[in-house]
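Please see the structure below; I have some questions.
Naming follows writing order (A, B, C, D, E and F), and every chain is counted from residue 1.
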């Protein structure tokens, strides 16, 4: 398959088309939008399905196979917030708060990008390792904490505490991230999956696996609408962030392909790991950043994450990482 | 039925602040609160939540003094960086002594 | 199969029974009602599923096969609002606004009636043409515009514009209808379906096709509840509207069967086309009419549409149009 | 299979694990919770699926097979509120209102416990009778009325009626229970199922049966969260209610196994009947009790029902009743 | 545009009371109501609904006299055993004669 | 903390009017709004939405003058044919100058 054919195949996949439909609906100022509860329901369903299946597959993986990939994932979780921060602060001249806030997003991971890359790899005939969802949970939080710690260097008595009210402690933020919806569903799903094993999974498989891809398209429709409602902010974020939102995923994705290859991941596994590293969180990171770095402008990090990097990865990034993994795998 | 004149403090804020604020209202002397999910737009185009415009409205009935403290607390801590509005209305509350 | 057997089969179909259950629940003043977001979710799902499947099938249709049926559909979209208006205004003695408002509903189409007729035709062993959902999108808006244009004859500076606020222009109404939820989902689904083709459809088929009929029954439960909550308005609309709500679908349905037959549609296709023409919109039309003709009484058009014509078509109309199509097809 | 193996199998079943996950999420004070509308949607889906399938199976049952089990069910519906009331009032020293309020819950039935026991029995290779959902509807309301009638002995002009407003009559309460959501969906589903029969059920089967077990796990996740949010109330209800919440299900379950056996139910049927009798309502009973016995403390009845008896039955009760039924069946 | 001074009565109550209260408000002379789903916490930790904290807010615009009757009715019948708050705010209503 | 006396204008209307009204409020000088989904019933039994009773509540905090204009605009354009209520409450707003 040529690169062109692969890109075309990706562009004409249901999830990319549905994302485009959502974007288009917003562009023509349609009233269309998924009810909030449906959106939440779909995200609960997708995360849980991901966790459960990942857990069942994890129960069949050996610990030794997991060790190196896990290490590499944690490494990526430590490097990506720093590369992001440095480029934003010193190339982009962003304020400390803004740079740290955006870096927290790129240091974490977007579960939908993960799923999209998995679907893509499978459609290319690859079989990503069964423990990939486990890696996803490892990558979610470290990057956020590292970026926020960097940002904390400048946090000086931002919040007055006179009125008898204590400022939110770091513990509270840590608690919030670790007990956040996506974390509980993913880790919880993994544990339930491991415990019940294939045998327990069979009866609930039609629900969690049969409907998965269809539910995903519906979710991407709303992602398109949400991204579309941020398009008008693109002008406000400036050219640097636009370039950053495309360049940094390529950088992180490439790094991840090499590290994944070194850790012994298959071509499919490398592709998915790259998509994770390249992606920017937009569920776990935003509230943590908003509470910890109130001076950081949400328009910056949400627009970069949702309206630049997510569509880029979906449309071009994932095929790119796959090509790279493929090339590396055959050398 | 006797009614007591009290203050109704209304705060509309970004969802991310809600749980923190609820805790703080209690510390500042409010005996309860009523929370409504709303959509709001103001002068600050922050769009800090995933779905732009999503806001929470907190209402609490408190004494004059507590209302002052709440207002001060919010103005000092949240006005500078967050999308938030706060206002006070006079109200007559049934069995108002319960809420002071 | 005798007419009686066919009616019985229809009455005992899950969708008619579930509609009846909803109606019954309202009659006994049960608190039962689907959460609003579930109702919206189901309607998004049904419209999108309809569009996607229609698009996949359209991608296999030839343009020439579509031309005549499309023409006939547009013709029906132009005739039905006029016949409706004339009978309401001159036989029913309705005010201009009321007549135009109701006519806008009968000039448009109800997607659920479309789906019900499709299911019915299939259960009778027919195979409606794959481009029928495309015709559905053609029929949705022209009738509304024609009826509103008629109503506009009497619109004289209804809305004062002193306070510095401009009246809503016709463009705004046009925009609203064309970008309305059902329009975007149907047309968008069609386009996505055409672009992805059968190959892209296969993985999402279990979600969009496996659950379709079940989701439809759930939707009809709520339709029954909604119709039931309008039953008390039946007394307020008077006997003419009651008769109109049954006679006009028969008239439009019959016309559509003949036109469809002339245009070369199969028996299944004629049945579905007739159900479309006979049906009255209750999603796209109401807000457009409410904004454009505020003097038109919503009780009239919503009760006629939801509590008279919809149940009539569901229970008796569709089998009737089918019989007619069948008879015509065998001559 | 040994008792231990069976308990382990049950503990590692998806529904028990998901309930535990929900409980755990609440214990670590996670923000995770299903959107209210999703919760309602799932409960509508589960009840309707239960009713429809039950109806289809009922249409194949003979009336004579149903007679004795139905009688026994009504008997249980009359005994269980009384045993509950007496132990609460005279052993537990609860006030009349509290005792009657709690008794109303234990005299009624929890549909989720019913479903869980059915799934358990099937997983053990049993086939509970097809008319079990019919018995479920019989058991829902009598117990509530009996307990409330007992409570009414002490209702003396509790509600002043001076201000020109009449107190809610018993008729209103009766109406509310009989037209409540679960009642309408179950009975309505049964009737629809009987009317449409197997033939009408086939097309909607993928929706209502394929997804059933998966949807159930999602529902139990939320049940776990809800039960978890009541855990802190456990301290407030005192040791007697804690013991009661475990002892009375065992008592009622045992009684039901014997009565069911006598009435000719299979081992699976006895297990399900026992789970019904042993379960406490938490949907139909609470509002009826709240309106009729305002002095009864909701913390008592909701905590006992949701945080004690439901988990007990789920984890240990159902396997216990099954063992008993099994033992009795083989004697 | 002429406005009429009227009372805005706000009641926050357990969901189980809502339909009953709506009927009673009508009987007591209110010409309408506005109902909002809210979450509320107060001094009484009743948790009477399945999901703790679920409450309903009822607002109605009425004359001074009707507001007194509503308040009395609620205080007498619901305050003792139910989780409920009620308060009155002064308001100016457009075409207020419609609501008396 | 200084508070400014301003007007809280509340409008409950049919959902179909909402987006139009939001645009018009801005044109009339409101700097923001808070929107709540409610259920409402009044004297006009219009049932204009698919689900009867579905309404939207719009609240905006404005100066006395703007409140007059809003009220006039609504009374003139929407009262005759639509299901709508509008009322004004006195309120004290934190950093009120932001909203004038």
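FYI, a residue touches a chain if its C-beta (ideal position, glycine included) is under 8 Å from a C-beta of that chain, and two chains touch if they have at least 3 such contacts.
Since this is a predicted model, take the numbers as computed values, not measurements.
**Q** On the document's contact criterion, could you list the chains that touch chain A and likewise touch chain B?
**A** Expected: no chain.
**Q** Measuring centre to centre, with centres taken as mean CA positions, what chain is farthest from chain B?
**A** C
**Q** Give a one-word verdict, same or different, on whether chain C and chain D use largely identical residue numbers at their interface, taking over half shared as same.
**A** Since fewer than half of the residue numbers are used by both chains, the interface counts as different.
**Q** With respect to inter-chain C-beta contacts, which pair, A-D or D-E, contains the greater number?
**A** Contact tally favours A-D.
**Q** With chain centres set to the mean of the C-alpha atoms, which chain is at the far end from chain A?
**A** Using the mean of the C-alpha atoms as each chain's centre, the farthest one from chain A is E.
**Q** Could you grab the centroid distance between chain A and chain C? Build each centroid from C-alpha atoms only and quote it in angstrom.
**A** Roughly 41 Å, centre to centre.
**Q** So how far apart, in whole Å, are chain D and chain E when each is placed at the average of its C-alpha atoms?
**A** So the centroids are 34 Å from each other.
**Q** For chain E and chain F, let me know how many angstrom lie between their CA-based centres, rounded off.
**A** The computed centroid separation for chain E versus chain F comes out at 20 Å.
**Q** Among the residues of chain D, which ones contact at least 2 other chains?
**A** Answer for chain D, listing residues that touch two or more other chains: 31, 35-37, 41, 210-211.
**Q** Scan chain B for residues touching two or more other chains and write them down.
**A** Those would be 36, 72, 76, 89-90.
**Q** According to the definition of touch, which chains form touching pairs?
**A** Listed by label, chains in contact pair as A-B, A-C, A-D, B-E, B-F, C-D, C-F, D-E, E-F.
**Q** In their complex, what parts of chain F are in touch with chain E?
**A** Residues of chain F touching chain E: 12, 36-43, 55, 57, 68, 71-72, 74-76, 79, 85-90.
**Q** For the complex, give me every residue of chain B touching chain A.
**A** Touching chain A from chain B are residues 14, 16, 20, 24, 27-28, 45-52, 54, 69, 72-73, 76-77, 80-82.
**Q** Which chain A residues qualify as touching chain D in the complex?
**A** For chain A paired with chain D, touching residues are 35-37, 40-41, 44-45, 48, 175-176, 179-181, 184-185, 188-189, 191-192, 195-197, 200-201, 203-208, 210-211.
**Q** Using the touch definition up top, name the residues of chain B that touch chain E in the complex.
**A** Listed in rising order, the residues of chain B that touch chain E are 1, 3, 6, 8, 31-36, 61, 89-95, 98-99.
**Q** What part of chain D is in contact with chain E in the complex they form?
**A** 36, 39, 159-160, 162-165, 168, 226, 229-230, 233, 282-283, 286-287, 290-291, 294-295, 298-299, 302, 306
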